[in-house]
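Two complexes are shown next, each including chain A; its partner changes from chain B in the first to chain C in the second.
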Partner chain A sequence: MSPLIQELIEKALVVGIVTHGLLIVFSFCTLIERRVLAFMQFRLGPNRTGPQGILQPFADGIKLFFKEEFIPAGANKPLFILAPAVAVATAFMSTAIVTYGGALTVPAFGFLPEWLQGRVIELQIADLEVGILYLFALSSLGVYGIVMAGWASNNKYALIGGLRSSAQMFSYELALGLSWVPVILVTSSFRLPEIVAGQAGWFWNWNCFVVFPAFLVYLVAGTAEANRTPFDLPEAETELVAGFHTEYSSMKFALLQMAEYVNMITISALGVNMFLGGWNTGLPFLPPTAAYGLVGFFTFAAKVAGFLFFFFWLRGTLPRFRYDQLMHFGWKVLVPVAAVFILVTAGVLAALA
Partner chain B sequence: MIEQILFYTLAALALVAAIVVIAQRSPIYSAFALIVVLCSLSGIFAILGSPFIAVIQIVVYAGAIMVLFLFVLMLLNVQKEADDPGGSKPLRTAAAALAAVFAAQVGLVIARARFASGPEQYEASTRKVAELLFSPTFLYVFEATSILILAALVGAIVLAKRDL
Partner chain C sequence: MLPVYVPILILAVFAVGFAAFTIVVSHLLGRPRPTEAKAAVYECGMPAIGTARERFPIKFYLVCMIFILLDVDAAFLYPWALIYPQLGWFGFVEMLVFMTLLGGGFTYAWKVGALDW
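Here is the complex of A and B:
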């Protein structure tokens, strides 16, 4: 078999595994989030479908499939239908750049074709030269799904949700981008594999310790970018019914939810890669390449799970920001802090060089 | 081969969307069509081996500027334009004259253009772009542009918020 076809098969495998893996993680995120929130609020949460409610995501999926597909009379039909598609497409496209834990070595099992045995597979769909800038571009395109949904619904609550979301994501994207700059300066590369490789060795080499203020800014801006509590103003149910997805039902609603959760997973995975050492275990005597690279993969997965739990925890703990406070905080605290810290990092690096 | 297919697809998409931008009566549709144009152009930059420009095209134009356009359109709730041919007769004559001048200029540019015989490879990696931008040739222009943008920013704030 020619190397090109081998490469294509390998990439197709990685794309398929990543996409379906994300779908599974998304559906169980919804269950785990509800169980965690219930635990924090002294409730039980969904525990009836299967042992510990493990089959709840499938029940939810089947229910959403059979619900009535409703489009409001005054809605702008083409944009109303296009909006969830845009949201999901941009969410999944942005996962292409994330590295999901080092390289896996395929074990030499007899039933595998010979070229696959011992092959080293990078767990990343595309290793672009512009790296995380690509993610920045797609996250700015992701706003359009929400804006479109809000406007096309022809509902004032949805419209306000869409407007809020565009203003919020626009403002916090700036802080998010600025929080990446110190990491890029330290690593002098945009590419995620190099950023992760730069954090090898003991865990105090991780960027969350090296550029601690940038990590804090990333946490806050990332939460806002994923529209999570305390920054979930686009869908603030106490004031806007359900915000931009008020008029959505059935699978279109499920797609908007999916886009949101995939964005949250991407933000978590990116945070792990950029600040928490990625697939590095942080203990040099335990190399991430051990056991066919599975050590690295599970280290990464555990860190992402921790990050996601942090988001659930926030939702169970913090009340929602008021809108003007959100804007003040974004523009008058986060952006200046991030900008000053970039100057500090650049100054220190220039002094050391 | 793949590059050519991609190029013609993206170019056709950009042209069709550009026509939609001006032919549409609904401003929101025009704005979305403009986003499609910008994304197709970004794809063409990517084919030309210039990923940095491609990404910046989306971040700045499709991401930041068009969000502001849409924000204003939605906030003001701009209605569909009435089906009105628009303008008085002298205005339309002037428009036709300007269009003719523009067409002549475009024709002149195309006639004088030097087309590459084969695919030319430019190295336009992020590092190369940065080195060029901060080289003595462009450094002062680059910094002057930054100051211009900063001045516009301060001016906008002063105009919008008279009592600071």
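Here is the complex of A and C:
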């Protein structure tokens, strides 16, 4: 088999594993979120489907597939159907540049074809030169799905939810983009593997300590970008019924939810890569890629799990922002803080050089 | 050596295929049986007044305009940050001038109340 075909098969395998892995993580996120929230409120949460409710996501999925789907009479039908597809497709596309661990060596199992045994695989879909810029572009596209869903429903709640959502995501995306610049200044690279490699050694080399204010801005803006509490204004139940997905049912509703969760996972994974040392354990006496590189992968997975738990914890703890407070905070606090911190980082770097 | 964008193409095919598959299958399994009440706009049990194709506050438009202006400038910061070690103090002063101009515009938008909700 020619090396090109081998490489193509390898990449297709990586894409398949990553996307299916994301689907599994998404479905268990819904379960774990419900159970974590339940425990925080002294309830039990869904625990009847299988041991500890482990089969609940599958039950939900099957139920949603068989639910009657309807489109309201006044809706714009093509856009109404297209919106969830756009939302979920852009959410999946933005996972392309995330690194899920260091290089992984395929063990020499007998049932694998010979060229795959001992092959070193990068746990990343595409190692683009423009890396972060690609993500910057795609995170803007994600807004389209939500605005289309809100407008096409021809429902006032949905329209206001969609518009609020677009304004919110625009405002916080600016702060999000600005919070990445100090990291690029420190590591001089757009590529995530290089950014992670720049944080090797002891854990105080991680960017969350090196450029701490940028990390704080990233946390807040990332939460807002994923539409999570306390920034879940687009679907504020008490004022807007369910916001932009008021009129959605069946699997189209599930796709919108999936887009939201995949975005949350991407933001967690990206935060881990850029600020929390990626697959580095932070303890240099441990070999970071021992045992086929699995140590790196599990370190990364544990950090992402911690990040996701942080999001659930926020939802269990904080009340929702008021919309004017949200816009004030985004434009008048986060953006100036992020911009000034870029200049501070640049000044310190120039002074040290 | 495989072109670096090929995996992204594979991912795009998967993402679009997944969305299309899910929507088509749930359409076939869900068997829509619309009635007049079901097809009506959701309005908490009240009859809806008018449609949603109405005017909405101009603030949303203003925020989007400011976003576009500042976002392009944010994108300009990326290449600058990438080659900053080669620029040194020259790059710092240039960026200070750029940020001051940008900050002037931002302050203007702030003072005329474009950022007030």
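In this text, the second predicted complex is superposed on the first by the 353 of 353 C-alpha atoms of A that agree within 3 Å, B and C clash if a C-alpha of one lies under 4 Å from a C-alpha of the other, contacts with A are read in each partner's own complex, and residues count from 1 in each chain.
Just so we're on the same page, a contact is a pair of C-beta atoms (placed from the backbone, for glycine too) under 8 Å apart; a residue touches a chain by one contact, two chains touch by 3 or more.
All values reported here derive from a predicted model rather than from experimental measurement.
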Considering only the touch criterion stated at the top, classify A:104 as touching first (chain B), second (chain C), both, or neither. neither
Is A:144 in contact with chain B, with chain C, with both, or with neither (first, second, both, neither)? first
Looking at the overlay, does A:190 come into contact with chain B only (first), chain C only (second), both, or neither? both
Considering only the touch criterion stated at the top, classify A:166 as touching first (chain B), second (chain C), both, or neither. both
For A:72 in the superposed arrangement: first (chain B), second (chain C), both or neither? second
Using the superposition on chain A described above, determine whether A:25 touches chain B (first), chain C (second), both, or neither. neither
Can you tell me whether chain B or chain C touches more residues on chain A? C
Looking at chain A, which of its residues have contacts with both chain B and chain C? 128-129, 133, 136, 140, 151, 159, 163, 166-167, 170, 173, 190
Along chain A, where are the residues that touch chain C in the complex? 4, 7-8, 11-12, 14-16, 19, 64-74, 81, 84-85, 88-89, 92-93, 95-96, 125-129, 132-133, 136, 140, 151, 153-160, 163, 166-167, 170-171, 173-174, 177-178, 180-182, 184-185, 188-190, 241, 246-247, 250-252, 254-255, 323-324, 327-328, 331-332, 335-336, 339, 342-343, 346-347, 349-350, 353
Once bound in the complex, which stretches of chain B touch chain A? 28, 32, 35, 39, 42, 51-52, 54-56, 58-59, 62-64, 67-68, 70-71, 74-75, 125-126
Residues of chain C touching chain A in the complex: 1-2, 4-8, 10-12, 14-16, 18-20, 22-23, 25-27, 29-34, 38-44, 48, 51-54, 56, 59-60, 63-64, 66-67, 70-71, 74-75, 77-78, 81-85, 88-89, 91-92, 95-96, 99, 102-103, 106, 110, 115-117
Of all residues in chain A, those that touch chain B in their complex: 79, 128-130, 133-134, 136-138, 140-141, 143-144, 147-148, 150-151, 159, 162-163, 166-167, 170, 173, 190
